[in-house]
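Multiple structures are listed underneath, in structure tokens.
Look at the two complexes coming up: chain A is in both, with chain B in one and chain C in the other.
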Partner chain A sequence: MRFERREHRSTLLVIATPILAVVAALAIAGVLIALAGAPVFQAYWKILTSAFGSRLSATETLTRASPLILTGLAAAVAFRARLWNIGGEGQFYLGAIAASAASVHLFAGLPSLLQIPLLFAVGAVAGMVLLLVPLSLRLRFSVDEVVTTLLLNFVALLFVSMLIDGVLKDPAAFGWPQSEAVDAAARLPKLLARSRLHIGLGIAVVIAFLIYFVQTRTVFGVQSRAAGLNPSGAVFAGVPLGRTLVIVAMISGGLAGLAGTIEVLGVKGYVTTDLSPGYGYSGIVVAMLANLNPLGVVLAALFTATMFVGADGMSRSMGIPTYIADVTVALSLLSMLVAVFFTQYRIRR
Partner chain B sequence: MSALFDILASAGLWAAVLRIATPLILGTIGALLSERAGVLNLGIEGIMTFGAMVGWLTVYNGADLWVGVLAAALGGAMFGLLHSALTVTLGLSQHVSGLGVTLFASSFAYYVFRLMVPVAGTPPTITPFQPLDIPGLSSLPFFGPAFFNQTAPTYLAIGLAIALAYVIARTPVGLAIRMTGENPHAAEAQGVNPMAVRYGAVIAGSALMGVGGAFLTLSAFNSFFPTMVQGRGWICIALVVFASWRPERALLGAILFALFDAFQLRLQTVLNGVVPYQIFLMIPYLLSIVALAVMARRARVPQALMQPYRRGER
Partner chain C sequence: MMTETVLDISNVSKRFGDNLANDDISLSLAKGEIVALLGENGAGKTTLMSILFGHYVPDTGSVSVMGEALPPGKPRAAIRAGIGMVHQHFSLAPNLTVLENVMTGTENLWSLGSNVSAGRKKLVEISQRFGLKVDPDARLGDLSVGEQQRVEILKALYNDARILVLDEPTAVLTKLEAETLFSTLKDMAAQGLSLIFISHKLDEVMATADRIVVLRGGKLVAERRAGDTSKAELAELMVGRKVTRPLREASTPGEIVLEAAGVTVRSGGVDRLKAVDFRLRAGEVLGIIGVSGNGQAVLAQLLSGTIGRTAGDLVLFGKGVGDLTVADAVANGIGRIPEDRNRDGAIGEMAIWENAVLERLPEFSKAGLVDRKAGIGFAQKIIDGFDVRGGTPTSRIRLLSGGNMQKLILGRNLIEHPKILLAAQPARGLDEGAVAAVHERILEARRAGTAVLLISEDLDEVMALADRIQAIVGGRLSPSVNAEDVDAQRLGLMMAGEWEDTTHAV
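On to the complex of A and B.
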């Protein structure tokens, strides 16, 4: 048995790939649910109804999808240029803490229309800075950025934990380590009344379209793709590799920082060390599920959010550990990798 | 200054060094073995988590501690098989596949743990490995409590690191592994099957990672809790670079790293209240990054690392 590269890929195959991958992941996760002694189809139905069965649950799922779109885009943009930014989680937290501190100590009292964009910028810059450190280590010392970005996640979380237990601690929080609540004018407007859903969702979707446009219609889009496909070839063709990677890193880190900013301004209003249930890491899965396509990221984020919100509800009523959502999401990443492989290769005997 | 000296002169510090080093030694030589054959295994963080869980769960259900270690090795090997199928047979990106294995292995570990052990106020515990009493050595003044008062897996880890150094440098198997990691085409021309070597190295390496994780639950602590691996796997990946892909240096690197870690833990109690504890907790991660930056250019990377091998394709 050997593999042979396919001459051309049909559009149908490309569209069917993520669907097949998700079905395969759900099937394997179904075995795990069955082993736990629960009826599989009922469990999946419960996941679906818990994620979309009511107005409350549907808005909750969309609220969860918003940061995932942004962290997914952060990963997708970087991976396309083969910049392995696995530090989305750290950049998310740094963006969140920078924006909330800026709102409390710098921009308090400014009107929303001015304050919110300023805070977005602050949060994005914080995320950028955290990614530029590993990038410069790569460019200067040829250090693999996978490990450094992963390690910086721990550093960033400890840094945030230190700040909210120290200088940024809310004195009115009965000793709990959390940051002071942001200015009322900094809170994002709601998309729907009587829900947690805020305009972050709209912002995330607009950004996805913007990135799609940049990647398909601009010189920079081609350059970043070339930097990923074949770095030495790209240099030969006149692509400024270092500069392209720096810009990619700024976009990627900026998006992850923005995700944290939007989460803190949109949902809670203050930072704790459980602000993110792993949005940064899930963003990697979202990006891969979307095959790094920015528009696909929106759908993949929606799927991932559905699994997380749905599994919470299913877990409560059927006694299956909520971790089944993480298992399914991880499995869909692995099966997506295999599925993409088979769109590129066919088996020959 | 005398406070610092007191810390360094205490037998407790050195006993802690070997204890902290053990999972790092096992994880690092596991990662090193598969990288010498040309496969980066970023599944390590999840594999260590799974090893910690399955080793603990086996013992919790009444099995012997060594059966727990074996279960962790087998569990690790299982994920090694998955990683090799994806990266060796299919030749997928080792970065992404490894991260996928980490996400899967750790979430699977949490799922199984939650399923088998219901939520309780205090986490259930087992009786972990006890320090071995080595006649003559353990009763030595200072050296006894400092170096010869460890549990059996610690000595096993040190022995395995030395054995791996010998196997890689001096045996035909080691030569086949090195050839596969440097130039799989040349290896194949010499009658070595690069696919088989890579499978073997990744699976054996993952088994070592699993045992490294199990040390946490079967010897260092006595219970399992999610996120207990705390980035140790990533630190191991950094230590492989620091060791320039050589097992004997990996052993020293892990011990050196553990020395810093044990030292900062004690410094933390001395400087309690003056410096926030988070600063100390950051040190291991920052230290790994610094080690990478210092060593990355100087280290001898296996030339075919991260390059998939396909017969007849260049």
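On to the complex of A and C.
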């Protein structure tokens, strides 16, 4: 048996790939559910109803999907240009803490229309800065950014933890380590009343379309794709490699920082060290599931959020560990990687 | 010549989809014989050898070694029967030593120890017997390409190969390394090994093989003894029609368009180019000839705008320029054909049209938005005008064959009638038909008044195309000589650095 490169990829194949991958993952996870002693189809039905069965659950799922779209885009944009930004989690937290601190100490009292965009900018810049450090190390000294961005996650989280137990600690929080609540004017407007769903979802989706447009239609998009696919070919064609990577890093880090900002302004209003259930890391999975396509990221984020929210409900009613959500998402990623391989190769005897 | 048959391939056919890669091919090999398998890219040479080595299962037909049938599709059985394969792209691990590479796969996976001393003894013995000198403890990644190939051959011999198959062995070698290789191969044949080597280069086939088998379109079209044929006949058999490489006709060069005076490029503390001087005139071809690794790649990079100079002056159209950037080069009408088209000339996964416009995106965009329609039109014009086959503007460039990719690269440079064309090894790795097409285009540009700087290590190519020739040795350029005034021998001396007595600058 050998693998042979496919010469043409049909559109049907490209669309069917992620669907087949998810179906395969659900089938394999079904075996595990059966082993845990629950009826498989009922369990999946429960996941679906827990994620979308009521107004409350549906808005909750969408609320969870919003930061995942942004961290997914952050990873997808960077990976396209072969910039391995594994630091989404750290950039998320740095964006969140910078924005909340700015709201409390700098912009308090400003009207929403002015304050929210300013805070978005502050959060995005914080995320950028955290990614530009490892990028400059790579450009200057060829330091592998996989290692540096990954490790900076821990640095960032500990730094945030230090701040919210120190200078930024909320004196009214009965000693809990959390930052002071942001200005009321900084809270994001709700999309739906009596829910946690805020305009962050709309912003994330608009940004996904924006990124798609930039990647396919602009000079920068074509150049950054060239830089990612074949750096020396790109240099020969006059693509400024360093500058392209810097811009890519600013977009990627900025998006992750913005994800943190939107999460803190939209949901909680203050920063704790459990603000993110691993949104930065899950963003990597989302990006891979979407095959780095910005529009696919929206769907992949929705799927991941569904699994996480749905599995909670399923485990409560059927007595199966919630880990099944992690397992299913992980299996989807693996089957997606296999499926992507088969869109590029075919089996030949 | 002994007549004992060691290998018999009979009636082998293999189909890939609609493509009949091997059509009823029969071939035998005698002990101590060197057979060359000649054919253009896609003629079915590599498929046939993959069947021999058990990588593919043939649809029909069989292979037998020493009279015993080889089970199809089993590389291990092929190795055990004494077939050794030297791949075009080496299957060696750069982080292991020579000895480790050679021994990999020869020992039982379950044995705890590794019998290194016995392995070393055997390796040294083989390397002495066949004159394949190599340090067993050198890290493979530190060796030159020629030495790595030697290791690949040693690995086959270590497995007691009696039949050695070499897939385009000279594709990656310099001329000198190739000559060494062929004398080694002849030695090996004299010691009773049988060799098949795959090639599309007529010179080396004529010089080395006892017998030449020509494949075309999957069929075995001819078999000749080396003494009974000529290069012209082989070329015709291989391509299926008469091919003649074009020759330049006389012309009067115009004014100087590009001049280098004392240009030095230093990197890593070494002078890659040392005080280089040349003058390039409109409507002439200046050939820079040299064994690769002597600075021609650096010269090409400098003029392509991808690196800067350390000292000296570059004068473009009578005006001094600082360091050229790629954008300057493109804007000034300098066409550039890179030495390595896959690495530098194309982004394999991007569409043909994107590859066509990538270096001139400012022209094909408005306010930062790419004009896709104009780009596709531009690519279509190149495809039509330069006879690029095998793709449409929106298909990925990786799908094109080497020759067609090179035609596309030529096209994107020549279609706008550049004032200067920088062509680095423009015909490297191409088959005979494509070489003729590329040469014809370069001469056409010369007729139209383009100044061509041709960097090449192929004597025939330089003598056919260039008006004047300079040799490059160790980063230094010789004074230029008129192509009419020199023969191959003189050029050979110049390439070896002996030009002091040939000085008469033009």
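Please note the rule applied: the second predicted complex is superposed on the first by the 349 of 349 C-alpha atoms of A that agree within 3 Å, B and C clash if a C-alpha of one lies under 4 Å from a C-alpha of the other, contacts with A are read in each partner's own complex, and residues count from 1 in each chain.
Criterion: contacts are C-beta pairs under 8 Å (C-beta built on N, C-alpha and C of every residue); 3 or more make two chains touch, one makes a residue touch a chain.
It should be emphasised that the depicted structure is a prediction, and the values quoted were computed from it without experimental measurement.
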Will chain C clash with chain B on chain A after the two structures are superposed, or do they fit? clash
Which superposed partner A:Y323 touches (first chain B, second chain C, both, neither): first
First (chain B), second (chain C), both or neither: which does A:L302 touch? neither
Can A:V248 be said to touch chain B (first), chain C (second), both, or neither? neither
Determine, under the contact definition given at the top, whether A:L32 touches first (chain B), second (chain C), both, or neither. first
State whether A:F159 touches chain B only (first), chain C only (second), both chains, or neither. first
In the overlay, work out which of chain B or chain C sits against more residues of chain A. B
In the overlaid three-chain picture, which partner chain does A:L331 touch, first (chain B) or second (chain C), both, or neither? first
Superposition clash, chain B against chain C - the stretch among 187-195, 241-249, 259-267 or 277-285 that is involved: 187-195
The shared contact residues of chain A with chain B and chain C are 2
For the complex, which residues does chain C have touching chain A? 16, 55-57, 304-306, 325-327, 330, 336, 338, 343-350, 354, 358-359, 361-362, 365, 368-370, 372, 395, 399
Complex contacts: residues of chain A adjacent to chain B: 2-3, 32, 36, 79, 84, 86, 137, 141-144, 146-148, 150-155, 158-159, 161-162, 165-166, 281, 284-285, 288, 320-321, 323-324, 326-327, 329-331, 333-334, 337-338, 341
Within the complex, chain C is touched by chain A residues 2, 7-8, 217-223, 225-226, 229-230, 232-239, 348-349
In their shared complex, chain A is touched by residues of chain B numbered 42, 82, 86, 90, 92-93, 95-97, 99-101, 103-104, 106-108, 110-111, 114-115, 230-231, 234-235, 237-238, 241, 276, 278-279, 281-282, 285-286, 288-289, 292-293, 296-297, 310-311
